[in-house]
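Take a look at this one; I'll ask things after.
A, B, C and D label the chains in the order they appear, each numbered from 1.
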């Protein structure tokens, strides 16, 4: 490691990764029991990619995400109670029940919203970076998108503009090997998506997406460049999702089960980091305490969601505009 | 005769047309995997060339469909969910809708886009659109919205055989429906509405997912002594104005039920046509029962009340009768 | 007071708003070069950061406008010609129109898209669209179509100050118009139609390039003893139904003139509203004078007869009076 | 030159290049006199790029083009009388007067239409190639597009699909240094657009777009590959337009006039080829005879257009659909 990470930061990484995993396992169970609904894409397995990226950011930096929306805001530091209430469609949800599972967000911690139209976040992130640059502040924007999303035209248009305009933006492609059920190599014509960066005149870096410190190091350097006015970077994290494309989807991802044995057994980002932390001298008790604290947090969030009110019927008509207009039905 | 669901009807249409004509092929994201339930068995029967998984690149593969159609193929492009047409919008409007005209008839454009509409399912604003009114504003496209398994099969087959671009808006609130359909090949001419129930007091024109509600409303109104004629529009472009005008001439009253947002809806277009061409038959205001001009929220509590229901149609009919 | 053309009015609006608020900036293809005549002098005054030329990548730079708006900027995105919105359609519909709602009010979207409509100029089907009806089907957008230099300036300024996304459809058949306008700052509230001529026999609602024709028709009808009230709609969303309904209540007759294709037009929407809400005032069919549901051909011989004209509006009014 | 070109072919190249130039000069004059109308983008200066590419194709191969639409169909072998009538909006026009200056075509010689929405032709060409492949014939498709168009998302989506599916398609980027008034380097973040081919796993080749034989050689190899089932190629021809972006446009392209002195003086593709032909032993008389024949052809085409009837009013409503529907106004 070329950079050093404090123990506090490492434990915060572990905490956020664990928070994502427990959030996903709990909400997935609620979904299967019928307490939640909607299209539900979990981030389990991708925690290192998410948290390693987000921890390289400041709270006031911006982040834009995807349909696989749960992990990113948590990684960016959002509190989970309003996220969980959002999954329940409650008034206290972070989006007041209007966004749901594919659209978590928390503008308060720079999470500018997850967008479920694949590839649609890249121009938005590019524009947020343009905004910061014009405002003369030193915020950077990080954009998560999938291997599948990399085939959208918005990828090309965004990277070209970001490079031309030298924008403070980091594009993080979470390559989990599949876009829905289609393996990446059937959808992307080159082995590494990061190699496409050369065509835009920006650095493109492949990193082990299961190793949170490796991701953190690579993204930190990209953030440093962006903040210093040295322009955008494309990072590709090689990762794997532990669940099916979406929970409850009737069709299994072909080949996924076989691959999962290896990934869950040997490449679980939390197990790997747990081991690494111990090698760094962290004691078991500290980690298990974090696990327990997170478990309490998640239970409290579920309770918060359950006891929150449903939104009132008029809420269907609010926030359509910031300056409302009369809506006739 | 045999009984099929809405999705099975679509599947049969695809299979039979691919059997009949080797120029017909399917492409789209994960079509080979039967992700949403309408393309089952096709990859095994026809192979991965004719049941082609694409990258997530709607403009690219919809436009590729247009190019393939121009050179004599007959692509059926699976949009997975209707709002995913938006990234491909320019290809649909500028290329698919306009090429036949722009090149003075040299280009044929026999392409079908399948656009399943998944609303009412907690998928929120980006995934729940019913965008046929958006496309109604674009000349050069044909638009259909079958509301029964029988129509889904017959109209999709007709669309695949048509030499013009057709967008098939499949309403997935109807996937629970089952119909007896003929075992033999049949097609349903595009542009013909279906009178589903005859009546003399009021005309209810409905489309897509509003059709079962309109039929239930007709039933309920009959119980209250009001004789409603229920028309399933089925085809949006061409629009069967003759059937509608003839019915309104008979009944003098019109309710239009449309699951789309009300502004610029098909319901509005039908109202406008009748207010212009059938005005002298009208004995009451034309009432539109559509989704209000707001986005679709995630929360079921918020989402559920937004769409047309039997009750809303009944109430509208009673207002028109008052 | 001073006299300006339609394009000068737009230019003044941009310059004044950029002077007033440094968060306002312009971007688009060749905006720095004043290609179409509305952005002259701005690059020299504000520099290339705030008058930003973009690559030809509509989805990219429109979406970038959305992102910039989310973090507190107030972009005015120049689409060059209205149909070039299509490649950016998904960004407009899925992001710009929906983000405020989707994130429960956390996101503001103060962005203006300028969409000049260049029709009637021999540019054929891909370049001649007047696509406001297409966008009318999308909740979350505000749509304006100023028909005079005075309105162009005041409405564009209001749009730039609005916290919601506004598409400004500029009708370039009007670039010959000149108006006296105030020297002081003024804005025109969005959502208010303007009664341009009072009358008692018939209401003519017109928008965009049809407004001068409607006014001429009002003049001509007056000569024939028919008193027409002429309303310039100006704003499409919000739509000023109160002004229209009040007028129809007075006159009992309605003609709507709209340069867009008739199917799904604003004319149709207005007809539907009046057929529902103003039915009991109506004494004649509502007649829409719009462009037929065909593409715009290159040939001037073919193109010229397609749009609303004074003569067509006069004839429609006479039919409604008959 | 690695390939040999027959004298007949070379003279045909010269003839087509001359035909394009004379067509443009004549129609431009008619436009300025007010006899023609519409947005009018000429191909003067780009003849070598066009003809070198098209001559590498068979007549039954397909071609898709752009708003700068005059040269491509001529290069592909279209007769100019119906093209000229189209510019006049006449019934005898190749598009029966419906397409006009930005949309010339000739399906009879494989010209599948020029499309004026920048970047919109790339997916169409990709699909035509897919169609040929599925039909099992050996036709290839060539797609012209500009440096400006290369920034559109359709470029990315098309090249990725073509590479994945190994399609018989050649993408020819005519880099004339400007997209409208914006210089290429302000719109494209790398020096050579062809270098982006690497990101798709396909060959990308830069060629002197003023040297018809050089273009012919490079495109011929790309055609050979495509026909042999070896997949797509991206070719970038470095060229220059001799006129303003469009004729009659009030704003001049900044810097263009200065550059034009060099390009017209030293890099005119017709002058260069004239000289090369003479070095190959071609005599002056033959070339001047071609010039004269082409001049006659163009005059005859103008005459044909002028004497052709205007389309009848009903024609505004035909060809909206192949299987017509009732249209109410």
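Everything that follows uses one rule, which is that a residue touches a chain if its C-beta (ideal position, glycine included) is under 8 Å from a C-beta of that chain, and two chains touch if they have at least 3 such contacts.
Keep in mind that what you see is a predicted model, and the values were worked out from it rather than measured.
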Task: Identity of the chain that, by mean CA position, is farthest from subunit A - done: D
Task: Distance between chain centroids, defined by C-alpha means - subunit C, subunit D (Å) - done: 36
Open item on the list: Using Cα averages as centroids, what's the distance between subunit B and subunit C in whole Å?
Closed with: 30
Task: Interchain centroid distance [CA atoms averaged], subunit A/subunit C, Å - done: 40
Open item on the list: Two or more other chains touching the same residue: where does that happen in subunit B?
Closed with: 54-55, 57, 59-60, 83, 86-87, 90, 94, 101-102, 124-126, 139-140, 237, 293-295, 297
Open item on the list: Quick check: what residues of subunit A touch more than one other chain, meaning two or more?
Closed with: 93, 95, 97-99, 103, 115, 117, 120, 151-154, 156-157, 160, 164, 186-188, 320, 328
Open item on the list: Taking the touch definition from the header, please name the shape of the chain graph: line, ring, star, complete or other.
Closed with: complete
Task: For the subunit B and subunit C complex, residues of the former touching the latter - done: 59, 83, 86-87, 89-90, 93-94, 97-98, 101-102, 124-126, 129, 131, 133-134, 136-140, 237, 239, 260-261, 263-269, 271-277, 279-280, 282, 284-288, 293-295, 297
Task: subunit A residues touching subunit D - in the complex, by the definition given at the top - done: 151-157, 159-160, 163-164, 186-190, 195-196, 198-202
Task: Residue ranges of subunit B in contact with subunit D within the complex - done: 25, 49-50, 54-55, 57, 59-73, 75, 90-91, 94-95, 99-110, 139-140, 142, 162-164, 191, 237-238, 241
Open item on the list: Show me the residue ranges of subunit C that touch subunit D in the complex, using the header's touch definition.
Closed with: 29-30, 33-35, 37, 53-60, 83-84, 86-87, 121-127, 262, 290-295, 297-303, 305-306
Open item on the list: Which residues of subunit D touch subunit B once you look at their complex with the stated criterion?
Closed with: 62, 64, 93-99, 103, 105, 107, 112-113, 115, 117, 120, 122-132, 134-135, 141, 153-154, 156-158, 160-161, 164, 318-323, 325-326, 328
